[in-house]
């Protein structure tokens, strides 16, 4: 682990007084958890109150996921006590946590696509007939009742989950929580993949859960959401609890300071726009189901932002340009030459690289060391007639990872042991090391900590200054507005508008993306 | 942002503690091999004779040749259960050629080409149609051996030319057989291919994360296809050796070899889930399996009982590090 | 999924009907109810085994040791019967189930407790169990004249005109159908195959469920040990050698996805029947039995190609016009 330059000082508000204050539903005290070589949590505490939402705030790697896994019985703490309704309990398994009324709704809603809504709600605690077999009729009836109480009667209990949208899947997850009479509901970044409208619906649902007296733990990176919905907050940093209190008493900058242990005003790098001739031009690019008639131009030294709601088809277009998926028509012209990439290998050779959004699945190769990850797309250059040259690989890896301010103990370390932010630096480094003409960054700062974000943004500015052209797909408005020269907005697989980023405001972008007339 | 330290120089590698070398898989295999060697030499006075030791090598050379290619295939996340059936089909084809009056060079060529062709067929089904290799090769296993049965029924081909006998029975120098030399050469070639070339690196990348490898410009399908071809090729070579050693072809030749080859690969420390493994480990595992079968053979232990030892060895060697880690972890 | 699955089984059923139809155009006796009953009876053991393998494959595992388990357990009951002919057959069946259960539990414990991939574990026990048969019997055979008439006759006795062996198969099929569609265990088995991570969060004990499915396949292997030995009236080390791959083949033809989570009782039964019909039909239509292996190999490849077509994922549907289409 890295040294923490700022030893944690616990900022604690005075304990709330008055008779209106209820006792906590769940208390974690003195929880510690270590993994080989990593101290994930050290002596942390957390309290959840009935009818209240507590926001758990911290950078990536602060220990939030570990804590959730301890609360849901997936991990066992090394030290510390868990108290539910004043009674000390142990949660040796997910089933035990379930039995104590703890349930979690996760980032990628972990439910079963091929099972029906009713089955998902009652998996593990289905009503039985006299013979001990599943009582399907009662199950469907109960499922409908639960959905009705949540004002979600529009969801058909017999439909398979994969036929529902993500927001409705969340409703099913909540219905599941209701059906086991969960008293403690953990929501781990539930809004990460939701559109604005869906987020609003989720908030209504959280209000409903509050009114039912559930104790809710809400984990999010987004401050506007936290201020909107939470009653309390707890801040983690580097596996330690560094502050807690009532949200109404805390300012945003105060919480950010606690999170990062330093004051960070995230300022996007200033850069002089020296936009040159078109480098990449795309016209009429189409796919049978994903996008249609996509056309745009990218200039030398330009950052072209791609904004849209999640699922608008932005990643799909980018993957087609970089040869990963096939198109049904259209042309891609790079430096005046028409290219037809049939694989990522083709597009990399041509000079277009795609840095994917799904870091773990598509980006890093966990199991291989850092230097081998970085050199993977450039193996042709670092090897000589098929023979590896380790010295070349190390020097390539070093030059790019050090420019990105990677924190690692050595270049032979397995990438799986790095934090999300540092993995993202590897992901960017590996494609950049191919010396491309065009780099496509898909959600380059999604789910990484503020420090790493700044490093990535600074680096992007450096790249375009050197004459590289960048396409940046992002769903974060500040990032789009702060970094792009021009912004393409996509909606439902089509280009809705292209804006010059001069005096462009967030509202215009959101309206265009959502298809709302001004 | 003054308090972020300036970029430091990240070292290439940290000095590995000695314990990591001591507890490596290869070290464990060496210890096991030495132990079995010692037990064998105490148990049987005939064991330490150079001619006995030379005979010993025939127990693993043919399977070992296939195991090298299989190791690469398993590291890439695929598997080939049809290798023994490829041996049967290639041997049958050679037998047919003998009936037609083919000479030794043609026979060898036929064995190798049939092996390569069968491997390419597996590779096409897996990479072009995107089918799971375990199922495809269960199918082609029946298809290849079934074809041998259709051609031969309960008959056998004999009458291979005398010069053909060299491959499976000949000696290059003193007690060093042609098969052993071929095994050692293949070991060096495959070690080089897996650990020293960009091809080998890509194989590891595919095994650990095929999607990320594809996004990184690795031609995943092409590499897997080549690996299936290599496995077929090695099976074809093994078929030449076995046919030459036995001097006859029956459709049931090399029955059950596929599981022994896979056992060898897994025992050698290759992860059955893909992404990890080494050729040195496979070589050691081949020696160990040869030692066990041969040592027990000298003690007149029947083959079927030997297989118990191989099975136990496989499970114990895999389980040992896990149990050891648990005990040390204090769980 | 369910509608789709039914689809797949209907296709397989149609293929079987067409196959029988084709054979009967030239050899009408083949489609005779009496003969079809015979085919069913001949295929009973494979059907039962395929069901045991199915629950394993559904949880993304594989059991290569089933045929060796069958061989070992068969030898145990045969030797028991030879030594103590007085032991009643139902008790022998219970013993077979128990021995099979122990062998399955060993696999299951290694998979559950030590987290060793099932293919490695059962590759090991495949050779161990068969080797143990040799140790147990000393390499000797137990043949018909050492077995009691009850031992041989039990499964041949007819009840309502159908042999007991077929009744056992029907009973096992019914039992599996209830377990897979009507019990929490069945749901858990599917859930683990579809999404193991999510199953953990749903409070399913993945390891323990895997242990249970290995116990099930072990018991099935044991039961078939008795059925096989009493049917072919010989117990030796060679019994069912290599048969583990036939069992898996029946599952694959029956549409059970090797990637787990997809498959049904009907599929496994039809897959086994398909293979059974081919092996019964070959002598009838005067094709050498040596063709059988190549034909089932081709059937496996064809089945997996067809199944993969159905499972192939289409791209996301984003465009409105595509959604409407």
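Note that the chains are named A, B and C in the order they appear, and that numbering of residues resets to 1 at the start of each chain.
Operating definition for what follows: a residue touches a chain if its C-beta (ideal position, glycine included) is under 8 Å from a C-beta of that chain, and two chains touch if they have at least 3 such contacts.
The structure displayed is predicted, hence computed values, not measured ones.
Asks: Quick check of your reading of the touch definition: is the inter-chain graph here a line, ring, star, complete or other?
Replies: Contact pattern: complete, every chain touching every other.
Asks: Counting C-beta pairs in contact, which comes out ahead: B-C or A-C?
Replies: B-C
Asks: Between subunit A and subunit C, tell me the centre distance in angstrom, where each centre is the average of that chain's C-alpha atoms.
Replies: 44
Asks: Taking each chain's centre as its mean C-alpha position, how far apart are subunit B and subunit C in Å?
Replies: Centre-to-centre distance between subunit B and subunit C: 30 Å.
Asks: Which bits of subunit A are touching subunit B when the two form their complex?
Replies: Contact set of subunit A toward subunit B: 5, 262, 264, 324, 343-345, 347-349, 354, 356, 361-368, 371-372, 376-377, 379-380, 382-383, 386-388, 394, 398, 401-403, 405-406, 408-412, 430-431, 434, 451, 454.
Asks: Which residues of subunit C touch subunit A in their complex?
Replies: 1, 178, 182-184, 187-188, 190-191, 194-195, 197-198, 200-205, 261-262, 314-322
Asks: In the complex formed with subunit B, which residues of subunit C make contact?
Replies: Subunit C reaches subunit B through residues 62, 64, 110, 114-117, 119-121, 123-128, 130-132, 134-135, 139, 237, 241-242, 245, 248-249, 252, 258-259, 288, 290-301, 304-305, 308, 312.
Asks: Residue numbers of subunit B touching subunit A in their complex, please.
Replies: 1, 3-4, 7-14, 196-202, 204-205, 207-209, 211-219, 275-276
Asks: What residues on subunit A touch subunit C, complex-wise?
Replies: Answer in residue numbers: 72, 74, 93-95, 97-98, 104, 106, 110-115, 119, 123-126, 132-134, 160, 287-292, 311-313, 316, 325, 492-494.
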